[in-house]
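Read through the structures below before going on.
You will see two complexes here that share subunit A, one where it goes with subunit B and one where it goes with subunit C.
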Partner chain A sequence: MKDFPLYRFGVFSLALRLPSTMTQAEIKLCSLLLQEHFGEIVEKIGVHLIRTGSQPLRVIAHDTGTSLDQVKKALCVLIQHNLVSYQVHKRGVVEYEAQCSRVLRMLRYPRYIYTTKTLYSDTGELIVEELLLNGKLTMSAVVKKVADRLTETMEDGKTMDYAEVSNTFVRLADTHFVQRCPSVPTTENSDPGPPPPAPTLVINEKDMYLVPKLSLIGKGKRRRSSDEDAAGEPKAKRPKHTTDNKEPIPDDGIYWQANLDRFHQHFRDQAIVSAVANRMDQTSSEIVRTMLRMSEITTSSSAPFTQPLSSNEIFRSLPVGYNISKQVLDQYLTLLADDPLEFVGKSGDSGGGMYVINLHKALASLATATLESVVQERFGSRCARIFRLVLQKKHLEQKQVEDFAMIPAKEAKDMLYKMLSENFMSLQVGCQ
Partner chain B sequence: MAGNKGRGRAAYTFNIEAVGFSKGEKLPDVVLKPPPLFPDTDYKPVPLKTGEGEEYMLALKQELRETMKRMPYFIETPEERQDIERYSKRYMKVYKEEWIPDWRRLPREMMPRNKCKKGPKPKKAKDADVLKKIEELEKRDDGEKSDEENEDKEGSKEKSKEGDDDDDDDAAEQEEYDEEEQEEENDYINSYFEDGDDFGADSDDNMDEATY
Partner chain C sequence: MKDNINTLVSRIIELCHQFPHGITDQVIQNEMPHIEAQQRAVAINRLLSMGQLDLLRSNTGLLYRIKDSQNAGKMKGSDNQEKLVYQIIEDAGNKGIWSRDIRYKSNLPLTEINKILKNLESKKLIKAVKSVAASKKKVYMLYNLQPDRSVTGGAWYSDQDFESEFVEVLNQQCFKFLQSKAETARESKQNPMIQRNSSFASSHEVWKYICELGISKVELSMEDIETILNTLIYDGKVEMTIIAAKEGTVGSVDGHMKLYRAVSPIIPPTGLVRAPCGLCPVFDDCHEGGEISPSNCIYMTEWLEF
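Now for the complex of A and B:
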């Protein structure tokens, strides 16, 4: 029996990774990100946790050769920025664990901020920026900081009202781009025992986007020119404690953070809409965009397809100024549903026709197209042809590749080997 | 055994056809050196995507990098002691807002231990500080680095016994003490000479000094 090598599409594992399976390159990247944003000490502690997994405070100090004091400071910073979480284990030992993929998200901060700018203009942009820079903040703190920053950029004499910033904040919360952090549960003093070694932070699903009723009244303040000192200018005296700390905080203990998953959902939607625009036309993409917008909050981000939407509902939700008739809309929907890419599917006939967006199928198509494009740019169009073939058929023998792709044997062998050596293909020896 | 073609004759231990070479075909030359570090590529990479959005994000990224360094979350590494303490160093410290975490949200072990030593016994602390300082200076003169390392090791051992905040405490106290002492003893007016200032630019402040 002869053994023929089978060429198989190398599977890229994009699935969820446990901390211990981070690649060396990813760990190095995390190290650079932490170092750049928080300094060497935080980097040392952070990378150690990424490498070793969950550990208690003293073990971290011992293993990294860092003083307890420094480790505490580093952990406080990391926890503040949602990069490390803690858990109480048996016998009251608290262990700290790094959230590795969250560290990598730091690469996307500019994109999150820019996206908010496109959706909610400068005010929204600064709100998200402050939340990302500080990890978490109370709403009152965000509003004050943003009002001050916006006032700096305004003409002399003009100031930004707190109310306007608050309104934008509420809109961001309503559309889930910012969310409340889990908080310390209010104790009822029923348990007189010793306090726990660490609080268990909780959040109720329905409270996650609930904006506290605050009456934030005020305007942004400009920094007075006599106080102004640009970064790096010498200041002889020790800095005095800011007097602002003495004011009571109306929403004390209620912290907010940027909701990264919501941004990712937005990026996904953007990718789908632009794919439809490229493949079909502007109107089709606007219809798809409308459908996605209608499903924003009702469909979970990991769902395979959106909730079914009726043609009537879609018609009512089209953006103001989009003047297409109901009939035309129905035609477009039918076209979209019939397209072989299957971005849109028809799930029923009531309400003028029930339609869904096939999220998983759409993303798989986009991923495939990206991979094919990578192969084409790196190895040429003939390699791309072979790649598409093997992707489609799953397993192919070398002879079959030559025949299907209509490429001479010697070249086919060369190309297959090149892709094999760069891990785009893998070899599977099987018996005929 | 069946595959042997005779003593001394090279024979493959596997079926050469499986890898794609037909029998008797000339094999490619043996490569004697590692492949080049930057081989020529047939296909050049696609140019980076640019546009208004991308440029804005790039500018944002640079800004964020700078901003983060000035925030209180950026923990500076304690510098190695230099041989000569530069006079101007004290006055070049960048103002950084202090950040105090919300202790209610953190494990109790995160809180620094209480520093109550400053109040009740300032004099004793000062004496201890002076002695310590003299010790350190002595050690420093003997041969800087190795002694400093030893000192650090001893210091960290002490720390783990007594409690971590003593060192910080002493350092903080020492610094304050230094400033006070120096401010008293110096004849120089601290604001008189600053780096980069023109000579005589501050002369308005010191009218009693003769100007030439």
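Now for the complex of A and C:
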């Protein structure tokens, strides 16, 4: 019985992450982000919560040596931006907890803004930018701000109409890129008891993208007075009732925020479409894009497959001006379903054929391709060949690696050890 | 044929006994006219090697004379042993046999075996071939046999050396063939089904192309080409599909056919390795405030100046 080493693909085991366990480098990064966006005090409180986990107000003040007032202000900012959440515990103690991964998402703000620009042009871009920089805003506030900003950039005499901005806002809500924030529930029966120390905010799922019926009439104004905030400077305060608007706010209490998960879903869809374009052709990728678009709101972002779509439905939903016949579409769908990529699957025959996108399979393939790309660029194409080989066969002895990869023994050995030393491979001792 | 040789050998011995001064080839031929010259030669060589005959030159030509019976007797024991070993080696055919295995089969002590092997080798009746499986292992086979692939390593080995350049060239040629086939299919602008099907090539097709190229000195089998195509799959450049094929279809094996197609990667090089950090050898030592840090990294500065 000879023991021989087997090579296998080293799975990177991520340490089980508790909410407050981040690496030193991550904490440092959060600190820099908070500092850059909100300043020193917010940074101090934020980083403290990231390091220590859940804490009540007084403990935070005590441990950081900050005045209660300042801690409250900092927490307001952090909560406004969804970076900190709170929970009411037994005996009325309220504890604050940092949402670490959400802090890191701040790195993606430019990408979210740019994505909106590509989908909904400048108007959409500014709406999302305002929401990200302010955390939460009412629709009327967003519309006014954006109209003003757009008017600044227009030729003399021209202004941006509120209606146009509203329309874009509605489209963003319809496609779920912006969503309503949880709010204080309206109590039917007034509870005579003392109010809770902190409100529990709720949102009904069907209300999440419901745009209030507003008639926002007006046009953007050019900045003339100096008492308004300088345009573009991020002020993380609760929305000010602007000085020149004396009317009551029609949608007071209905706040909106950017829906980051929706943007992530969009990035995922883009990656899938791109992969299909690279492997197959433009037409195939457009068909996949259409299918994903049809599933945008009906399929949850963590689902393994989209809802089945019939070939008839897909044909009707193809972009205007895309001139392929129904038969050709069916051919493409068959080819997509048969392709070794397995991004598309056929789930039935009704409606001309029912098709799904295999989301989990697509993501797994993209992840694998990313790993292979890292190995290729870091170690070279010979190592990449060995890596793909071991990935496919799961376990291999050194001799088998040499034979399958057709790489001379000495070279193969060097490459295996190199990847082993950098943790891309692991050794497993097996018995014959 | 073997029986013939043995009969022939015995017959020649008899003849030699009859004519103790020696016989010529002609005598043997007269005695057994139906035996071909080659067979005679084999028989005579065997007897010579086994030390039962002496080779003499006379003015009429070559003479074969029975060896001194005294000596013959002394050697008889060892003659039989040599005969046995020779036969064992002969039985191993072109795969050859390891000396240890000869010992098991003959039950002779190793020292004797080694002596006999040396003897047979010097008489050019057998040869030792290094096995590619274990570089220290030598197998013995008859002198004029072509060693089997399992011993020499097949098409990819030449004298124990792995021909990596040759493999590399084949890899590139196969890929070029598949690439141009895929391109032709794409440019044909036929309907998508036809386009896809014509972008594939069977292993048989690729094999034929490579053979016709004539770049290989050794004969390559379809399986050899398939091992090369597999390396292209591990390179991420080619994908394979297996389809059912009717028995008898050219290139099909066991009712299946392997089809290959050149493919492009599904993603461009990933973000991490497009930044200097992804390829940096001192990545783990880099931190703000340290000797190696992002702010004093020259590669970072260069990269950001695009």
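Heads up, the rule we're going with is that the second predicted complex is superposed on the first by the 393 of 432 C-alpha atoms of A that agree within 3 Å, B and C clash if a C-alpha of one lies under 4 Å from a C-alpha of the other, contacts with A are read in each partner's own complex, and residues count from 1 in each chain.
The definition used in the following text is that a residue touches a chain if its C-beta (ideal position, glycine included) is under 8 Å from a C-beta of that chain, and two chains touch if they have at least 3 such contacts.
Remember, predicted model here, so these are calculated numbers, not experimental data.
Undergrad: Does the superposition put A:378 against subunit B (first), subunit C (second), both, or neither?
TA: In the superposition, A:378 contacts both subunit B and subunit C.
Undergrad: Could you let me know whether more residues of subunit A are touched by subunit B or by subunit C?
TA: Between subunit B and subunit C, B touches the greater number of residues in subunit A.
Undergrad: Contacts for A:260 in the overlay, against subunit B (first) and subunit C (second): which applies, first, second, both or neither?
TA: Neither partner.
Undergrad: Of the partners subunit B and subunit C, which touch A:388 in the superposed model: first, second, both, neither?
TA: second
Undergrad: Contacts for A:119 in the overlay, against subunit B (first) and subunit C (second): which applies, first, second, both or neither?
TA: In the superposition, A:119 touches no partner, neither subunit B nor subunit C.
Undergrad: Who does A:198 touch here: subunit B (first), subunit C (second), both, or neither?
TA: Once the two structures are laid over each other on A, A:198 reaches subunit B alone.
Undergrad: Looking at A:406, would you say it contacts subunit B, subunit C, both, or neither? Reply first, second, both or neither.
TA: A:406 sits against subunit C, while subunit B stays out of touch.
Undergrad: Shared contact residues on subunit A, subunit B side and subunit C side combined as an intersection?
TA: Common interface on subunit A, subunit B vs subunit C: 377-378.
Undergrad: State the interface residues of subunit A toward subunit C in the complex, per the touch definition above.
TA: 25, 28, 271, 274-275, 278-279, 281, 283, 328, 331-332, 334-335, 340-341, 365-366, 369-370, 372-374, 376-378, 381, 384-386, 388-389, 392, 404-409, 411
Undergrad: Taking the touch rule as given, give the residues of subunit B at its contact with subunit A in the complex, in rising order.
TA: Subunit B residues touching subunit A: 15, 17-20, 42-43, 45-46, 53, 56-58, 60-61, 64-68, 70-71, 73-77, 91-98, 101-102, 104-110, 112, 156, 159-160, 164-165, 167-168, 190-191, 194-195.
Undergrad: Within the complex, which stretch of subunit C touches subunit A?
TA: Those in contact with subunit A are residues 156, 162, 164, 167, 171, 186, 191-193, 196, 227-228, 230-231, 233-236, 239, 241, 263-270, 272-273, 278-279, 287-288.
Undergrad: Residues of subunit A touching subunit B in their complex?
TA: That would be residues 2-5, 36-42, 57, 67-70, 72-77, 79-81, 86, 88, 94, 109-111, 113-114, 117-118, 133-135, 183-184, 195, 197-199, 201, 229, 231-232, 234-236, 239, 241-242, 253, 255, 377-380, 398, 413, 429 of subunit A.
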